[in-house]
Amino acid sequence: MELKKLVEDLRVTGVTRLNKRHFTLELLSPVKLPLILPGQFAQALVENSPSTFLRRPFSIHSVDYQKNTLRLLIQIKGPGTSHLAELKAGDHLNLIYPLGNSFSLPFTKDVLLVGGGCGVAPLLFLAQFLNQNNIHPTILLGFRTREEVSEIDAYSRCGKVLITTDDGTEGEKGLVVDHSIFQREKIEFKKIYCCGPDAMMKAVAKIARMNNTDCEVSLENTMACGFGVCLCCITPTDKGNERVCVEGPVFNIRRLPWK
Amino acid sequence: MELKKLVEDLRVTGVTRLNKRHFTLELLSPVKLPLILPGQFAQALVENSPSTFLRRPFSIHSVDYQKNTLRLLIQIKGPGTSHLAELKAGDHLNLIYPLGNSFSLPFTKDVLLVGGGCGVAPLLFLAQFLNQNNIHPTILLGFRTREEVSEIDAYSRCGKVLITTDDGTEGEKGLVVDHSIFQREKIEFKKIYCCGPDAMMKAVAKIARMNNTDCEVSLENTMACGFGVCLCCITPTDKGNERVCVEGPVFNIRRLPWK
Amino acid sequence: MPDLSVNIAGLPFKNPVTTASGTFGYGDEFRDFIDLGRLGGIFVKAVTGKNRDGNAYPRMAETSSGMLNSVGLQNKGIEHFCHEIYPRIKNFNTNIIVNVSGSTVEEYVEVAERINELDNIPAIELNISCPNVKLGGMAFGTIPSMATEVTAEVRKVYHKVLMVKLSPNVTSISDLAKAVVDGGADVITLINTLLGMAIDAERRRPVLSTITGGLSGPAIKPVALRMVWQVHKAVHVPIIGLGGIMNATDAIEFILAGASAIQVGTANFIDPAASVKIADGIESYMERHKIKHITDLVGALRTE
Amino acid sequence: MPDLSVNIAGLPFKNPVTTASGTFGYGDEFRDFIDLGRLGGIFVKAVTGKNRDGNAYPRMAETSSGMLNSVGLQNKGIEHFCHEIYPRIKNFNTNIIVNVSGSTVEEYVEVAERINELDNIPAIELNISCPNVKLGGMAFGTIPSMATEVTAEVRKVYHKVLMVKLSPNVTSISDLAKAVVDGGADVITLINTLLGMAIDAERRRPVLSTITGGLSGPAIKPVALRMVWQVHKAVHVPIIGLGGIMNATDAIEFILAGASAIQVGTANFIDPAASVKIADGIESYMERHKIKHITDLVGALRTE
């Protein structure tokens, strides 16, 4: 398996509606899947959508090399994701993948994964990958409300799952950073991986910094190409403006100018 | 019933594939159908087709006031018609209709209808309308080849049907103007209605002129609006530049500068 | 209920939604589809001094998210307008504004002078921007001194609200805007069509009889928005914005960029009820964002 | 097999399909997707005198059939190009052409002079059109006398094929074309992006950090085609055409309008293999239409 990028029509082999705003797609590759690392993403072509000119980026949610499939977890936001929500088994979806860097393996077993919204997408793949390396992370997931809490079984197989909901209908009430694990003097984790809305990642990064805990975040950004040539997706880092689609999407918070 | 134009989502209640390039759509109106005259057309909105910005005009192929449905006969040409070919029963199609003028009632019973290609579309409706006025026209239809010959039963119920095919696989071989009815000294019809490709209509018009036979043609044209406001669809007539979508699509050849 | 009314150079509009010249006929063609009284105003098709047949067929080409036209100011001239059309439309319950075109300064002046006499036409829109007329039509809108001159000459004979519609086919839209304000324009309309071209590769021929034509539709919206924004910063007269407006969100964008009112053009072809839907959509936006007066949104783009 | 090769100002291209600056990186990013040797040429990202960080985020907005960008010439400067990038790309089996940008005449001259020394770069493309740079970048491409001057100064130090890329944001593209030919340009590239703007109505803010940006993609194709056609009639140097080319039919349209070669830009983002598919599609078109040499199609639009 080599780290080569592909442009391919993958066949939709499964569509699972998780709740009103979220669904997963299982996609079968016509050729042997390349090596895909947790944190990498794909650029999906939304066909038959007059208002969607560019591709849309989605994290790889999980990979099954036996079945030669990968999965995406998609939150319906605008025209592109609404169109993708209409895909049915048997349809095709054109992807450029795998793109971007990946989360790095931790030098500790005290690992926390924090995800919110569609930011949970890359964390399942990461958790499974950590398991293969004998790490069983704690997984803190934030949802809006009980109805949106989903795939907990899959996460539970990888580690201990903690939940917050904005309205308190499941798990602890509040945002992920309000969770009781963060309310102690000193948090018990040596490495945090985080993906979610900007504000959430910044709040988690702040906690990590205060605790001197190593922390990697997966940034969102508006992308035109997704493979490094348009320079539209930059983020300021310690090395100047870097491309989120190539040097990222995963950055260690040490490298980001977040306070 | 009044001659009011509507913009409506009609429900597809039937799709009939006639052959590789042609299909009909049966469309159910959510409100009582307005009065529609033969020769009139509809402007169809092609949704989910990024390369189809404007509506596409199609003649009304037949009307069933009991069922409250109308039908379109569509030839697949480019992106718009290809998309419409994917409509299924239960889908909706937005139409502006009925548009344009109509064929006029003849003052004779010796009537000939001549159609070629997708130009046959308005002739079925016209033939049915003539029947209601106790006229049983001769109907000459030109097709490319046997495989494309279709709906002959429906036409036969309205009058005597004659056929030409380009390759002679059914009916007489050649173009409609090559048909034996035109090879006599004097043709036997007092009124000709014609719809088809420009070259065909011009050739038929020439025969009509030579025989001093009254003749109406239904012109094609590129349309932006379809209801008279953009002035994109003009054709030169004895009154200057007239709009094919309002003053037409049906014109008496007397009014056209065709030689 | 939010207040959608705007006052443009003294002329009240019940809401900022009007329809663009050349895309709405004389309004009556839309009576089956909408209540014309719901509109802020109607800009009718260009009127010239004499009858014009316009350009030869084909006059239209579809493009990505847009269309090209080369209609070429087809109309029956000012006499016909005054006697045949004006009586038919003068009692519409909305502002009827006439788009005035010409090939010479004299022609503009002649048409404006006649329209000045029509009681129920409260404003004219000088079209110094139509790219389809060979004789001067283009030049008026692209050379500032000529734009000032034609505006000033019309200003002398026209005593109601004088709007001037600019062409986007220029290096500096602000210079043109300043030029027509110098000439006495009360209002600036932006934009007319971008000059474009379509080719039929199979036949190896231009699609339009005139080879080039005017591009309209959502494809040009980014250019139109930019020009409204630039002109809003450059001059202090009200702006009427258009170019690819298809829905209420597009309309709000133009208003935020600095337009006091907007025109719906090509969208009318795709949905004849688009204009009224846009008026409704603006109202919902204002309710959702708790905006009391539409005028609070004009030029309210936050750029700090 | 049809002959797709073209010779542009003495420089041979194996086919007329090249890729546009700023949309193809330095080429190596595409190695997973296509065989670079199948391309007529690659126009690499703009190079300036010194390192430039480019504009702040957000730099991109999607529009109807297009996109706006305000990347702003981010690059590490000419030294870095010569030492780090040139060695990596100099043996690609295609023409590597460097897009040269600057804020002053001196900067253009400095960069051109350095690139003149690089054996495997047979041509440069002077980008006098990028709308994103505050200091002069815009002015060079919009004022004919400045366009002549910068071209002439570069001409003195640059001894290989000198291409100049024009901005479409002008009243008369022919005047600019004539101006750069007067300055000594061997080839004209058209068009760069149209200046546009996008607004987020919900947040009432511009989408781009720079407020305005450059519009590319199929939305601008009609304008680009028109300019290629106008310049083809106005000057006698070869033209490289681009603007919204997504497929072989689009490419043929530009060639018929007068382009000797074409560039594929934004299309690379949607399909990284677009350029090679376009080369294949041109070949099929030529076979179908029995065209032996692609040069027979250049400017072959039938307008009689």
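Here the chain labels run A, B, C and D in written order, and each chain numbers its own residues starting at 1.
We take it that a contact is a pair of C-beta atoms (placed from the backbone, for glycine too) under 8 Å apart; a residue touches a chain by one contact, two chains touch by 3 or more.
Here the structure is a predicted model, which is why all the values come from computation and not from measurement.
Q: Quick one: report the Å distance separating chain A from chain D, using the average Cα coordinate of each chain.
A: Chain A and chain D have C-alpha centres separated by 36 Å.
Q: Distance-wise, how many Å sit between the C-alpha centres of chain B and chain D, to the nearest whole number?
A: Computed from C-alpha means, the inter-chain centre distance equals 47 Å.
Q: From the mean C-alpha coordinate of chain C to that of chain D, what's the distance rounded to whole Å?
A: A distance of 34 Å separates the two centres.
Q: In chain D, which residues are in touch with two or more of the other chains?
A: 61, 63-66, 217
Q: Would you pick out the residues of chain B that each touch at least 2 other chains?
A: Those would be 50.
Q: Chain contact topology under the given definition, line, ring, star, complete or other?
A: ring
Q: Following the definition at the start, I'd like every touching pair of chains, please.
A: A-B, A-D, B-C, C-D
Q: Any idea which chain C residues touch chain D in the complex?
A: 61, 63-66, 68, 142, 169-171, 194-199, 201, 203-206, 211-212, 215, 217-223, 225-226, 229, 244, 249, 252-253, 256-257, 285, 300-303
Q: Can you list the chain B residues touching chain C in their complex?
A: The contact residues of chain B facing chain C are 4-7, 45, 50-55, 96, 221-236, 240-241.
Q: Which of the residues in chain D end up touching chain A in this complex?
A: So the residues of chain D touching chain A come out as 22-25, 29-30, 32-33, 45, 53-54, 57-67, 69, 71, 74, 217, 266, 268-273.
Q: So in the complex, which bits of chain A are touching chain B?
A: Going by the criterion above, the answer is residues 48-50.
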